[in-house]
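Structures are listed in the sections that come next.
Two complexes follow with chain A in common, the first pairing it with chain B and the second with chain C.
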Partner chain A sequence: MPMRFSRTIFIPLIAFPILIATHGFQNKNPEASLVEHIVGTSWLHFLFEVSLTVYIVFLGVHGMRRTSANPVAESLNQLTAKEKETMLKEWKPEPLVSTAFVKSVQRIESLRPKIVCEGKVGKYVVSGGKKYLNLASYNFLNLIGNTTLEETAKAAIRKYGVGSCGPRGFYGTVDVHLELEEKLARFMGCEEAILYSYGTATISSAIPAYSKRGDLIFVDEGANYAIQQGLTVSRSNIKYFRHNDMDHLESLLEDLHRQNQIALNKPKRKFFDRDDVDHPSRRRVFVVVEGLYANYGDLCPLPQLIALKRKYKFRIFLDETFSVGTVGGTGRGVTEHFNIPQASIDLVTGSLEHALGSTGGFCCGSSFVVDHQRLSGVGYCFSASLPPLLAASASKALDLIDKNTALFEQLKTKSELMHKSLSRINGLTVGSWNGSPIQHLRLQKSTGSHQSDSELLNAITNKVLESGKTLFLTSKYAPDETIAPLPSIRVLVNADMSQEELISAADELDQAVRNVLGHA
Partner chain B sequence: MFAEGAPSHNPNVDWLNTRGMWTLYVLMLLMFHLFLLSIPVDALTVPVVWTLTNVLHNLFSLVLFHFTKGTPWLDTDQGRFRALTFWEQIDDGIQYTTTKKFFTILPIVVYLMTGFYTSYNNTHFIINTISLMTVLVPKLPFFHRLRLFGINRTEMKLPRNQADGMVEKGP
Partner chain C sequence: MTEQIDHKKRPNGAVTLDSNGAGDYNMTNDVKSLPTAFEAHEEEDTGVESKDEEEEFEAATSYVDVFTIGGYVTLQLFGYLRDFLRRWKVEKSLVAQESEDNVGFAPLYSNWEDFYTRNVYIRIRDCWNRPICSVPGATIKLLERSTPNYGWDFHMTGETIECINMGSYNYLGFAEKFGTCAEDAVAAIDKYGVAGCSPRDDIGTQTVHLELEALVARFVGCEAAVTFGMGFATNSANIPALVDKHCAVLSDSLNHSSIVTGVRLSGAFVKTYKHNDMADMENKLKELVLAGHPRTRRPFKKVLIIVEGVYSMEGSICKLREIIALKKKYKAYLFLDEAHSIGALGPHGRGVVDYFGLDPKDVDIMMGTFTKSFGSAGGYIAGSRDLIDYLKNASGGMIYASAMPAAVAQQIVTSMTIIMGEDGTDEGIRRIRQLAENTRYFRSELKKRGFIIYGHKDSPVVPLLLYYPTKIATFGRFMLQRGIAVVVVGFPATPVKLGRARFCLSAAHTKEMLDKVLQATDEVGDILNIKYSRRYGPNAAVKKDSPSVVNARKNS
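Let's turn to the complex of A and B:
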């Protein structure tokens, strides 16, 4: 509480109580003339009016002469031309990105190998004249370089040109966008889907479209960078629960429930306790989880989450960026895997950038919910729409994978095989789900610091690059991750790779680990 | 308002800073007083109408300046301004600015005139003085962001840096 003190407050503050207390001494003759009134009025009444007049005079002569509504402009006006000149000369622009941030990015980058790819980055990559098996691209269904998709994209360029040149609401919508949205909604089994032009911008626009200041979001500690950005932008209150730990989430929800009960049972002074926006009845509660965790390669325990939702009443945002097109019998994601109706999830976001080999993201759910983003989704409203050629190829990719159960069966078999082969490596642990095409390998015995762990793992992948025929990369984390996961080697399986290729890749990695870590 | 080339930084209260608004305010008060005078009811004598003008104007300004908080037509998502009354938002909470002086002096002047036109009658004096104090006391710098007995308080559960981030500058 700022206690700003000024003597002037005593003038009316002291005068008033004395006046009230001694009011009975006043002149009560109604027949008196005005002069007689003023003269004959109680001296206290007179004193009060005089003190008010003094107060007016005080305000009038008070030094503060602020006439402008804009203090900055006002203070600038008081500067002399010379002072302005000096200020302009002394001014140095702050860098858009802090030097500490840049340095930390450079430190991370210096460890990773410099690979210059020649040709398409598909199942194989060619770098320095050497052909590697690519286990470092999110190319789960081998749709990158698919000739059908390339022909579709070419045809779209001839018809629409290279870009749409405007946001969706501003001359940027063409028929392929609407067609793709319709197809995505049908594919995901939702009422409506909305298309974003960048996968990362999807969830980071969707979260702040619904969750505002004063709302509460529970989020998994392992959530990816895009989710973290969305949380920051939403300005909501954030509570983290341990990765995939539903008991921890339940205890947090139980705490909230108890606090809510206290707040709801508190007697409310109807008139005085106004605009209490922190009141539980006016606060929205969300739980944000990923279907298949990008940083861990494991699935979220959706059935338990749904049970908690029924008990504690919250809304679920499910980020299926990596699970759409990879998990489930027909690639519909974790809802299909756990056989949970899509309608029990409030909002699902997905990406066209990984399994579908295009660019962009989408968000789907009931029309009532999704439609809100057409005016509130920041990435939707203020970005140019997805180039029609990419929308057309994503649309074609959806046709290719739709109902193609064999493809997903194949991906799952390969992932399981890879998981099994990687699990045998001594010195590294695989924490990922065995059917996941994203496998994260972390050191069995961490050195204790992220930096030295990262150095060791990069040494291993560089070793494979030197002596082997496989491209492994360590996972890349931004320097400003809220909770940085432990460094890992990220292995990304492609459905088209043969069993022999995967086994020999795992063997190469095993060999490199033996070399670097010195295990027998 | 935009003469300095910078846009208004708090549209809730910046309209109070203009000279035109002050003139309009005084004119509307005068019109209201004349309206009361024109009502053909015997009980509304000149002293009664002056007291009515004073009391009703003070009531109006009490609600406008000291009871309305944040941005009245927005429900949530207002941040720290949600807890501040209009008076506290004027000129970013800086004291003794010309706008604040004007709106402090105005009710005092009306009060002094009312005292004169009611011939310093006791009953009128008590009513008018109480009415004046309700609007004068909350305007004093000492009462900036102070909620007596928790009247009209807002329960803020924002982080400290957001809740206490208001500009505090002395004269």
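Let's turn to the complex of A and C:
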């Protein structure tokens, strides 16, 4: 219960019995009239009782007054039935989904090929009877199709069935979930991990669990859609800083610091201001960044961010959806890459859907931070838990990659190779970090509009598709993205691809670009 | 206790009323000989049981209210005392502390936010998050835990407890590790892999997804359907695609958290109406349609009504006929969330639309999940072809979220085929009927014993009211001692004064299992003194001229 509420209710509730107990009853005067009985021996005491009663009545009336009549309903009651009927007839709602909008969305959509895989979505995919080298799915460590993982999943079906039939709170906690959480915590070097049943639900449930109305969040402009959803649900004040621009972030933090100083130098706070949420000492500040950006393929400058954290005292939420299992010597993510202790990051979010070949997501950090989500994480409490076969498969995948430093070195080498091959293509620029398994290729010279850029890039990838044996796809964004990145071709490297395959894929892309853009 | 009740049976074995007014269903395991529950349902409409008694929310006497609040106040006072002792280091604090590096940071949690958690919830949290190590079928194997410090830490003792499972959502009993569903799911892994690791709109669509969507569309009776990998995300990703800040949403006050999240993400203007109250809904609808946005006074572009088929905490079924009539009158759109009703209601298992015999085309957007009746995971949205085309292209759930794993999709395909009867057996219809019978039997038997049971008589979710915070915990623990796993819920999932236990029935439960559960509940009910009902059972106040008593006299 809020302290403010308790003060106004409990003080009279405690004071009243005390006053009654000390009321000077006319015990020595049996002839006293009713009025004298009520007033008691001390009229000053009676005055206290009366004023307290008036105060309690006032609280009651004031409380009831808040639920006042509905002004909208009142104004509607003044209309006649005929007027209401006419108004209802005149109201023309929009169709649920306007056909014009559907057609425009479909037109954009028709640029991209419709791939329907007839088997596994592994290093190769079979679609429409043809086999392609797959550079379009997040299968970084090529764990799709791994027989050990498939056997583990099958064994889990034979023990637990398919679904878990309940949320974690109501018999949906299977022992494989607990095992996976422990393994993830150990793998990431954290105290505790919490498992979610879907990758995109993870960060969008984690942010609103901590950040409420009145809190402040600084986000990188390149943040992905799931982060944007988490920000909207949290109802906090959001401030974007330019992508990977630590100077811009510092200037924003400096502004905030100056505002706080002004607030702190105000006259001494009264007793009742202690619950003021906007007061600088109570308003939480978070910075949300991604380890490896999905939309750009570059790393966030974590060391500078940690330095800023020490100076300005904010908490860092690091979304390592794409960096866990890909970046770092043993795949622990950007903290390992930059050699930063895991304890400096308040919350790390990861995904089981990309490098680990399963489904789901997780958050890890200190118990103090992570345990809170077990009751406040919306996607954790109100959703069925992860099917046991996927948890068992992810658990086994962690075992497979745990000591396998060679695998991550292999991935890094292949990514660097791909980066070098793609950089040679005239007409496209590669903006990503050279060791990243996600490479984004954008037009060197943009046509001016997102729409036509997108059309050109799709023409290129379609060209590769029809003439060659490789599958590239352009990145796609939802219509309601806050800041949609520029259209790009997204190349996703698989650690098991040979050098020849990668180089020939890059060559095919080069060929298509020359064809479409008409370069020499 | 049961000797007093006169088991009057009508010649064809349909439901009859005894002198206390509770239904008495003669339960046998020979399903085929009995009429279906639905024929019995029609019989009842003629006279004896009034329409009001289909759905009930009996209130307990006011002394229960007073003592429940008294219980919470006591807990709060003790909470203050313990906080005081912890603050002054008299008692060792086991609350997790912030690391010393973070000195000078704004506190992550406000003190009062976690007050309830550390002083009330921790003491009784052995009732929740119970780990299992078996398939969540009709029986379930729990891992035994012990706590050395009243709930702060748990250790596994290494033992397992075999219980009858009244807590998992397994309405049609498809949570199985043997049988066609499991075999098909295993084969799907061989063919399609464990997962796709790619969004549906990129390269994650596999042939099994298209098969599933065609099947779902046929199952619910719509033109097309689209599926997603998580039921929660189905709402939170698609409601923003359907309404935006120029639209209005009219939502039931007890709607699920996923709907609330989806509406919040969309930015639409929201109004809630009292749970299942059609008069209130009409008033609010009138306000939205005629008055427009309260501040800008502009008319809304669209009004979307969001209801659920079965509300899992109340056990109530939405009044779909009236809602459709209202929606047509006011030109609004209807979003029906059938998370708990798909597969579990209706003579063919097609949900609440099937149960009332209405036309699926009247519902604009039909949404549901596969977790409950199909033993799988994920959600779907079904509707007109235009709607589904639009969602497939513009929904965040298709563009960013990874595709449903193939084994999960195959489980749904197989179980749905069985329910529809297209696998050549009558297994589907057998399960549907078994569930309906179990529901009727269990509910009427519990009512007869004098418990307050909320909800519609055909809803497979059975909430049993406990009220007191302490009885919530004790009920959960005592039932576990007797080998029954139930779900107990209190504040904040339910209103403060209405703590409850919730039984989830399944087609996999046999009569013996249900009888065992009833007997255990009866025992625990006597120990805890929770038989509050004044309409049924031993504490019932039988009025001399109540219609049920008069009719019973007439029939005898």
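A few points about this structure:
The working rule: the second predicted complex is superposed on the first by the 405 of 520 C-alpha atoms of A that agree within 3 Å, B and C clash if a C-alpha of one lies under 4 Å from a C-alpha of the other, contacts with A are read in each partner's own complex, and residues count from 1 in each chain.
Basically, a contact is a pair of C-beta atoms (placed from the backbone, for glycine too) under 8 Å apart; a residue touches a chain by one contact, two chains touch by 3 or more.
Source: prediction; values computed, not measured.
Within the superposed three-chain model, A:145 lies in touch with chain C and out of touch with chain B [touch as defined at top].
Looking at the shared chain after the overlay, A:81 reaches neither chain B nor chain C. In the overlay built on the shared chain, the residue A:55 is in contact with chain B alone; chain C does not reach it. In the superposition on chain A, contact of A:282 is made with both chain B and chain C. Judged by the touch definition given at the top, the superposed model places A:100 against neither chain B nor chain C. By the touch criterion defined above, A:479 lies against chain C but remains apart from chain B after alignment on the C-alpha atoms of chain A.
Once the two complexes are laid over each other on the shared chain, residue contacts for A:313 go to chain C alone; chain B is not touched. Comparing chain C and chain B on the residues of chain A they touch gives the larger count to C.
In the three-chain superposition model, chain A touches both chain B and chain C at residues 1-3, 70, 72-73, 235, 282.
Taken together, the chain B residues at the contact with chain A in this complex read 1, 4-6, 8-9, 14, 17, 69-70, 75-79, 82, 91-92, 94-98, 101, 104-105, 108-109, 111-112, 115, 119-122, 125-126, 129, 133, 136-137, 140-142, 144-146, 150-157, 168, 170-171.
Residue ranges of chain C in contact with chain A, taken from their complex: 76, 96-99, 101-102, 104-110, 112, 114-115, 117, 121, 128-137, 140, 142-143, 165, 167-170, 175-177, 181-182, 185-186, 189-198, 201-207, 210, 229-233, 236-237, 240-242, 256-258, 261, 264-265, 267, 283, 286-287, 289-291, 294, 299-303, 329-333, 364-365, 369-372, 374-377, 384, 386-387, 389-390, 393-397, 399-402, 405, 407-408, 411, 485, 487.
On the side of chain A, the complex with chain C involves touching residues 1-3, 70, 72-73, 75-76, 79, 84, 87-88, 91, 93-94, 96-97, 99, 101-102, 105-106, 108-109, 112, 114-122, 125, 134, 136-139, 144-145, 149-150, 153-154, 157-166, 168-175, 177-178, 197-201, 204, 210, 224-226, 229, 232-233, 235, 280-285, 313-315, 343-344, 353-354, 357-359, 366-369, 371-372, 374-375, 378-379, 381-384, 386-387, 389-390, 393, 471, 473, 476-480. For chain A in complex with chain B, the residues that touch the partner chain are 1-6, 8-9, 12-13, 16, 19-20, 23, 26, 28, 30, 34, 37-38, 41, 45, 48-49, 52-53, 55-56, 59-60, 62-74, 77, 212-214, 235, 272-278, 282.
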